[in-house]
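Two complexes follow with chain A in common, the first pairing it with chain B and the second with chain C.
Right, the complex of A and B next:
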């Protein structure tokens, strides 16, 4: 019973990490820099849902669309107004990383300024005692989170695998220079991955807002876990990012069972360090191809 | 370079050396702490952002109310945001002491941050009065460290006693993994065992964590009668309450004063039945004045203690104290009826005090006798 409960806890956490990680990986693979403000775009989505639903009084479905739209526009905005101008001035990826860190603090404090620090709960689904499934207690909402998360991950995989857009994105991710020679507008694809990645972040934000209360600083915690998942899975591989995220979710929950629970985060980062030492390319990462 | 200019350079260098030596010597002659005429500068450190920001904001209001009671120009308050983090508290403290030259400080809010900043206060002879840090360690933090809230040695024992008096014998503790939670957990656990009860689990979570399912799973496995939640961050408190309910725990819920906050009630039905111990939220006179001052808002957590901390400083200044040393001496004999009860500091800078017991019923805190 404890075993299945830990699996459930790990899957719920992993589903949210996975949505954060795929967006991060998608943006990284085409743009080749760390967009650390990606977690804050998730926070923007969560606050968007809260604001739309409780303050504007929009119907729930409309609030969800509003939240995703706000996240998409914010993420796109970071690319258009911050990263792109910097890139055009020849900024290296380490400069862009620092810009990302600055954006992280910017978004945290912007949210704090607009919404204050009081607890933001949605309570759209009442807090009820969970159902017991295979010995694990989970609420219908949590099952919903795992299912919706998996659904969008599958859609993304399908798009990346079979559509022209996906193939072009992968071409740019594989070798931006070659893709450009082959007639692909690489800059356009890089922008597109920001748009798609931020929309996924918006979906993640909606799920997080439903499951937990939103805080201005939630984005940083999420990107740390999402980033760990992405690196463990192989940072340029989207299926890898998903696998890595579930692994992080499961390991931290199982680890906290055997070790004092205060070490939960330490366990997750221990896994990150182990992977960096033993398998730097991650689970599904490739060591051939582009190198920085 | 000819001889004349060499000579001239030599003279200039010698003059500079002598002059700078003289100024340094003169500065050393000056008394260490000079407070110029004009307002006495008072610092405020605490979280205005981060997970504990709501405590900081409510304390700030109490301090502002007390500051308005003295003639304009008597005191000047400099506010610094620390997010309740030790490193930020040290930076803010250093800035207040070396740049603003404050004589006294109201703060820090969180015990860990207060303990980190305390050595700087002691070294520079600047008084620090915390309105909310309850860690037992604060009692021994130095001569310049005071507080207007009783130590957790009192609250933890009191809390353990309440659980025991409810007839509950198997207790699990869920606490935040920082100075406040660790100190409180130690006291509750020791006291409950002394009483003859059994403590079946002590589970920690990170201070801003909102996912505690595994900790709760571990607690559930030990089948406790009661769960004591110790946290000073409403976000974590709400998450813990919801997840306890969702994971189907049937234990009685108890909480430290950190769970006495309007924000915690946002957990809705998950907060029902929660029993909290709480320091005074203010005399009725204070509540009325707070409402008049802030558009009908009730005082938040520790607003009364913040008011009392500032009021204590005011009284020493009105008595003629200006420097940190003078304020420290005057505080030893200061005694008044404050918003949170009678304030007088013992040798360790602590106040005594009682606790209210409240239970959440229909989404509101109801006093229990």
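Right, the complex of A and C next:
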């Protein structure tokens, strides 16, 4: 059945987008600027896994840790060496956004220079026959991706909801100035969200590398889905980002039913523009006048 | 020497394109990341019209006008958003336009592109040699610079600057801010459209890759490096950024490395400017 297959594909894609979107959203909510290079951090994770596993010959689990570590360090580096100095001299969020674009371009071409433009395939899991669930064919690997993604989303939700760290992050996200008055080191928390967000991006990179081929340009496609998911869901709301990402996954798969597949990225943007036009605050976002 | 003439045809075309973008970002304060869409619309319009037998001068103007028609649409779609969200929406506009160029096969031939675009035929005089093209594009760039200089140093230019600095205050003076923004964006789109037409008829071939993210980053870099609201800055930055990667040619790199190194150079250069010279070379204001 085409219908249930499209739902399944949408949910699988949405699981990956959700991991990208929550990292983006976490960074945005505490730092208040759009970290455009976040998708490229995912790409760094994917290439990290490929390099660790096939080139360095590390065991799979170690390669995964290596990939997450490389992504974490890259994301942290963008904050330390680019965004933080810019923020310290009082750059506006538009300047930071353009710096993010430059970083996106930087990582994309760095990967292109180091690894070339050929696609990288990781043959860790042998391709097995898919299972049929309610008329949709899915492979065990795809089920694994959805489960692992949901697991990390739940962990993040738990941390944000119940731990001291999560509460502090939410305090800074809600009102950085008030949090500072309350004795929170807001700058530390902003840095922390970059670290956590980039680690989640690394995990997303691992899952992407397992499911599809890695290319130097994958980061751009992923960040488009990621921020669309985040904005559609209400950018400062993590559950919203998850919801928005699944929506993007579903809409683009259903859209591909009657539009040429080349429009896949454009569909996500169509959804984004529609939301910005009709409900700029997103699904779960709080409307505070016009969005600045 | 012929190569230098070739580079200056590029520079003249990019100046027209970048002046338009600076009018949006620098003079009016609209962070438009979809400017390259107008370039593409102009290029395809002009190419398809001349191939259908329309005389070049008409196709050239049509390229600008047709691109400008998309300005009210974009402004209307983004009327509720500002700042980061405006940047995001306009980037979306650019990517959707690219997707259309790539996928509307019956019109644009998709990734194969459109070959055999005729050289400009201006009432019987065909601009064909490199030096003729150089003079032609430089003349048009000069006219554009002069008109935009008149515009931005007039009261109208001051009004646009006021929108950038304090939109509410302009609205309170009874000015129609939305209409002014649409006008400013339409002029920018017109310039991008004619730049698209010029480059299409110079290279005689177009395909969608010329209207994608790398091009957006290049042209935004030009405006930021030159400085917001500075015509002189945009001209200097265009020359600098087109010539800068030419230095890589002396290192004798293989072409698979040359492309990415060039882009990497732009990214690093842009980051350095943002970090150490936020107002660009000749900028008068900083991006808010």
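Note that in this section the second predicted complex is superposed on the first by the 279 of 292 C-alpha atoms of A that agree within 3 Å, B and C clash if a C-alpha of one lies under 4 Å from a C-alpha of the other, contacts with A are read in each partner's own complex, and residues count from 1 in each chain.
Following the convention adopted for this analysis, a residue touches a chain if its C-beta (ideal position, glycine included) is under 8 Å from a C-beta of that chain, and two chains touch if they have at least 3 such contacts.
Just so it is clear, the model here is predicted, and its values are computed rather than measured.
In this superposed model built on chain A, chain B and chain C take up the same space, so to speak, and clash. When the shared chain is aligned, chain B and chain C each come close enough to touch A:117.
By the touch criterion stated above, A:227 is placed in contact with chain C alone, chain B being left untouched.
Judged by the touch definition given at the top, the superposed model places A:262 against both chain B and chain C. Once the two complexes are overlaid on the shared chain, A:91 sits against chain C while remaining clear of chain B. Once the two complexes are overlaid on the shared chain, A:109 sits against chain B and chain C alike. When the two structures are aligned on the shared chain, A:212 is found in touch with chain B, with no touch to chain C.
Legend: residue contacts after superposition of the two complexes on their common chain; A:126 is shown touching chain B, with no touch to chain C. Shared contact residues of chain A with chain B and chain C: 108-109, 112, 116-117, 260, 262, 265.
Contact residues of chain C toward chain A in the complex are 31, 33, 77-78, 80-85, 87-89, 92-93, 95-96, 99-100, 102-103, 110, 213-214, 216-217, 220-221, 224, 256-257, 259-261, 263-264, 266-268, 270-271, 274-275, 278, 286-288. Of all residues in chain B, only 49-51, 53-54, 57, 177, 203-206, 208-211, 213-215, 217-218, 221, 234-235, 238-239, 242, 245-248, 263-264, 266-270 touch chain A in the complex they form. If you check the complex, the residues on chain A that touch chain B are 2, 5-6, 9, 12-13, 108-109, 112, 116-119, 121, 123, 126-130, 132, 137, 139, 142, 212-213, 215-218, 221, 252-253, 256-257, 260-262, 264-265.
The residues of chain A lying in touch with chain C in their complex are 33-34, 82, 85-86, 89, 91-95, 97-99, 101-103, 105-106, 108-110, 112-113, 116-117, 220, 224, 227, 231, 260, 262-263, 265-266, 269-270, 272-273, 276-277, 280, 290-292.
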